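Everything on this sheet refers to the single structure shown next.
First chain written, first letter: the chains are A, B, C and D, and each begins at residue 1.
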Amino acid sequence: MISAVSVIKPQPDTKFRSFVEAHIGQSISQCYQCGKCTAGCPVAYTMDLTPRRVIRALQLGMENELENSSSMWICLSCLTCSARCPREIDIAGVMEALRLATAGNKPSPSQKKFRLFHELFIMSFQFSGRAYELGLGVAYNVLSGHLLNMVSIIPGMLRRGKLACLPHRGQGSDIQGIFNRVDALKRKNNEQTQSSKP
Amino acid sequence: MELTYEPRIVGFLCNWCSYAGADLAGTSRTNYPANIRIIRVPCSGRVDPLFIVKAFQLGADGVLVAGCHPGDCHYSDGNYHTRRRVGLLRPFLDYLGLDKARLRLEWVSASEGKRFSEVVLSFTDTLIKMGPRSS
Amino acid sequence: MARVGVFICHCGTNISGAMDITRVVEAARKMPMVVTASDNKYTCSEPGQASVRQAIADNKLNRVVIAACSPRMHEPTFRKAVAAAGLNPYLLEIANIREQCSWVHAHDRKKATDKAIELVKIAVAKVIRHEPLYPREVPVTKRALVIGGGITGIQAALDIANAGHEVVLLEQEPTIGGRMAQLDKTFPTLDCSACILTPKMVDVANHPNIRLITYAEIKEVRGFVGNFKVEIMQKARKVDHTKCTGCGTCWQKCPEKSPSEFDLGLGNRPSIYIPFAQAVPAKPVIDTDHCRYIKYLQWVADGEQGKKPPECRICEKICPTGSIAWDQEPQTITEEFGAVVVATGFQVYDHRHYEEYGGGAYPDVISGMQLERLMNASGPTGGEIIRPSDGAHPKTVAFVCCVGSRDQAKGRTYCSKVCCMYTAKHAIMLKEHDPHVQCYIFYIDVRAGGKDFEEFYLRALDDAGAIYIKGRPSKIYQDGKKMIVLVEHALMGRPIEVAADLVVLATGMEPRTGADRLAQKLNISYNTYHFLVEAHPKLRPVETQTDGIFVAGACVGPRDIPESVAQGSAAAAKVVGLFSRDALVTDPVTSVVNRDRCIGCLLCIAVCPYKAIDCETTRDKRVVAVVNESLCKGCGLCVGACRPKAVDLRGFTSQQILEEVNSLWS
Amino acid sequence: MIETDRYAYYPGCCAKASAKEYDATTRLVCQALGIELVELENWVCCGASSAHSVDKLLGITLPAQELQSAARLNLDLVASCSLCFSRLKIAAHELKNENIRNQVSEILNEKIPANPRNGVKHLLQVLESHMDKIPLKKPLKDLKVACYYGCLLGRPKEIAEFEDEENPQVMDKIISRLGGEPVEWGFKAECCGGSHIFTRQDIVLKLSHRLLYQAKQAGADCLAVVCPVCHSNLDAMQKSIDAEYKDKVDLPALYITQLIGLAAGLPVKKLMFDKLFVDPIPLLRRKGLV
């Protein structure tokens, strides 16, 4: 059969979808597409797929759209969508699931800086145990190329002694150990049951 | 176990759903094993555990209690009482040295003639597989 | 000494084709107490029945077993036949050897025959222990009670009354008319609601067969179909309606104003008031929560604490007929009825539950019903549509559909059915009021299934130029004088903001508060939302599982006016049908209590679905259960529950069933 | 719920830098109200808002070990940062799941109880329960305060166990208790832009501006805030917001603890108003509070 390139072939049951549904413990098909999530979302205006359309894409199994979307990384996890959904779907949970599901993949251009930020943020406390704002800021600016990001407030911050020049240490905390054991356990789990991530 | 073993089943059917369902099985000519003897009761809730025990005492291989689906009882909630009573009776069967599977509670509506015949068929099969009661 | 006759039917070849009838007849002859056994080609045919009658006479039979088709088929037929032969019709038992034998075991002649024989055996075992039973007759009180004076109740009352029966129409508010009286116009015809309703209200008031009891509630319901005893609590009006002429001087002069329920708080009413101009009865009641004198009396009763409130009593001073009756107290009226129609209707969902829409805090976010009052010429603004906040004329009006409907998060999953249409109506009418108004309607789906509904919706689009936007708003907030609605234009896939002067929430329907308590008093069931439950959603829409109690209108589920009226008439038809008989014949298959065995544990009362069992004290001071045979439907639940085996079910006694089981092994 | 005036305290990373004044005034006020805060030893970052986004297990483990140290103290755990509060609450909820509980127990090599006796609270809840103890030295007379709760405090409802998600009242009650006037406004629980301060500053500017604008619309003199992240967006970023939106917002954003301290007549310099970007002193002077 010959079909136009633009035709979407819905595949309701994708691995992607089952991962998300497992994560939120609900069925995506509950959604009746009223758009209340998008209406209340403070950042929907700048998403390539609005929350409602993210759900729709899941319902129709449009995986590429989702994998390349930056919506889930723009999501602020403010939970307004979940709080107001008339079908009580945890949309924020869906976004989180999509982040987790794609965190391993190579970031699409629109996702890059968000992924970079999260990596740096985790790094910033992986060693000292506590988030190190200045270090994080500088590192992010350099690596993301937004060199002038927030410089406007840095002097003020420093003047008010609100930026520690050196990371603050949580003495004796075994943060590195935790990271290692988390990774170890994850590896173990993956070996046992092939994780349901697509 | 001899091949000619024919279990004897006593069936207590509620008048409004299951008995009608059994009738429908007839009008639609769906065959099922002739091992069951049907006793009509107004509501499965009328079935006194005593009747069931009596049947087993006399030598019944299986007892089927059938009523309307939960929520559809002609007397609004009779079948819920049935469910509870049968549930209470089951453990007691162990005590009598009877396999729990010899007592069946099924919901068969007036429109489920096919289902009724399937119930009887599967129940009969189970009982044949179990073989005669060791008394 | 039982003398049993067994008659085996061939049913053409339906039965005889599958089994050896002669063997069945032979076996039957050998069964205990069987005097005669014979077979017949068609027992149900007249010759067949004749032969049965003959055999009864010839052999002095006092019990009959007929082995034929299902008792669900011909039991009535054969009961007649047996009765014709002078026997009690309940001394008959039927062995179902067609549906449950020949038709399902055609593949094995031997087994079919064996089974048939045992089925006959069971029947014989049971019939021997049959007792003669006598159906009882209960008289029917040909008076109907209609609960609820909305359009549904009014319709039902008028129809019953016109059929020549007495009706009591009960209304909890000071006037009949219900929600329809609050509406301005009705969809899809846009005819004036009051113009079509108020004549009917007057008819009710003037009808010789209708007695109107307003400002009253159901206290208790006892009895059964044809014979209900109902206690009605008449609230204190503090006005003697036998003297009052409804001249209106009092409510014009009363100084104490409070928000009007009828105008949903958009206007005020005095403390002695009639809810609206065309109220029926057009005589006032005193609102004891606000009346100054009542407050004063309270202050005196409390020992004159604090500042002395004004004594007022103006209404009393100016009333030309001296109708003010401060000492009037609530009183209980007891009436007897043969049937009850429940038409308690609905109330508008309270949008204060929607915090994201301001939780009722914004004066310019109103409900559809409030808009009806604003549009109504006799409403608080005289029909001028203005913003409650500043009295400005709104130019941009936003409508939000499905408020309190299709919203699991708010515990209201159902569709209220009328909102789509009344919103379209509002859009059309706003345009008529002011051609410069622009309406935005936020919907999830537009449901326009109904006569001329789709056309009406299109009219809102074409003529009124309403802009329909698919999307459920997430938030409504105030920005200066504007109300901002946040919504996704779902079809464009973009979040948008609409700045409106007025926001109208299309709030859904919910049952009246207290519908559940009323249902409990009447022993009828209700669903999780407290909508009443009909006996069958399709085939018995106005009946309930309690005989003689009928339901109609929006108390059963969301309904529009035509449906409610139709249901009111349907319920009336059922009532009239019931009243067409002078007495009701009750099935004699009922429970009966052996008073000597009963230990008064009263478990039976707990399990009885029909409240058919009551208790009384015997002469020797023991509490025992008694069955009301008119209420008992013969399910036998009580029998199963009875520990000392004091209760038994006529026609299905424990002994009979045990013997049926026994017979299989004897 | 164990003791009612002794709590395990989880300051959160910001407390050591951008929110020094919040941490300091929190300790100060609690002391004044007879609330003893026991700072957790060797506490580490809760992971917000990254860990849970890229690694579920890590996102639960980090808060989980703080919950454990609090459990060891047998005290309810108090967080002053709404993000930390949210992560702690969610972790506590996730740990009800046996499978997850076992995994985390394995990582922390200690058995995590199925239902711990101690709970998690936000500072605000603690302050409310001790509201009556506030000595009212300097009532915040006709100071109009817009209470800003932020988006995470009450969500998800069944996990946060806080208050009404859309229209919480705790802070407003406290402000009234302090003699101030809480203003009614519709954005108590709308998001400020959170951690996008780094990645998408434009979003933060837009959302925070919306909040500040709405607060002013409602006639507020200042904002009361209970989260360091919200605070830096609403306070430190105000200059950038003005620049971006050609506006002159000039709306001081104070921590609730600073306001309580003020009303309780604690020494003004200890309340560290100088740490704020938008100087509240002129306002407070106008109102005759300093």
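Basically, a contact is a pair of C-beta atoms (placed from the backbone, for glycine too) under 8 Å apart; a residue touches a chain by one contact, two chains touch by 3 or more.
No experiment lies behind these values; they were computed from the predicted model shown.
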Check B-C against A-D and say which one is joined by more contacting C-beta pairs.
A-D
Nearest whole angstrom, what separates the Cα centre of chain B from the Cα centre of chain C?
36
Any idea how many Å lie between the Cα centroids of chain A and chain D?
23
When centres are defined as mean Cα positions, the distance from chain A to chain B in whole Å is 56
Could you work out how far the Cα centre of chain C sits from that of chain D, in whole Å?
53
Residues of chain B that touch two or more other chains: which are they?
none
What positions in chain C touch 2 or more of the other chains?
356, 475
Can you pull out the residues of chain D that are in contact with at least two other chains?
165-166
One finds touching chains in the pairs A-C, A-D, B-C, C-D
Residue positions on chain C within touch of chain D in the complex are 355-356, 358-359, 361, 475, 477-480
Of all residues in chain D, which touch chain C in the complex?
164-167, 184, 186-187, 214, 217
Sites on chain A touched by chain D in the complex:
42-43, 46, 74, 76-80, 82-83, 90, 96, 99-100, 103, 113-115, 117-119, 121-122, 125, 129-131, 133-134, 136-137, 140, 144, 149-150, 152-153, 156-157, 160-164, 168, 170-173, 175, 178-179, 181-182, 185-186, 189
Per the touch rule, the chain A residues reaching chain C in their complex are 32-41, 44-45, 50, 52-53, 80, 84-88
In the complex, chain C residues that touch chain B:
70-72, 96, 98-101, 103-108, 111-112, 114-115, 118-119, 122, 525, 545, 589, 607, 609-610, 633-637, 639-641, 649, 652, 654, 657-658, 660-662, 664-665
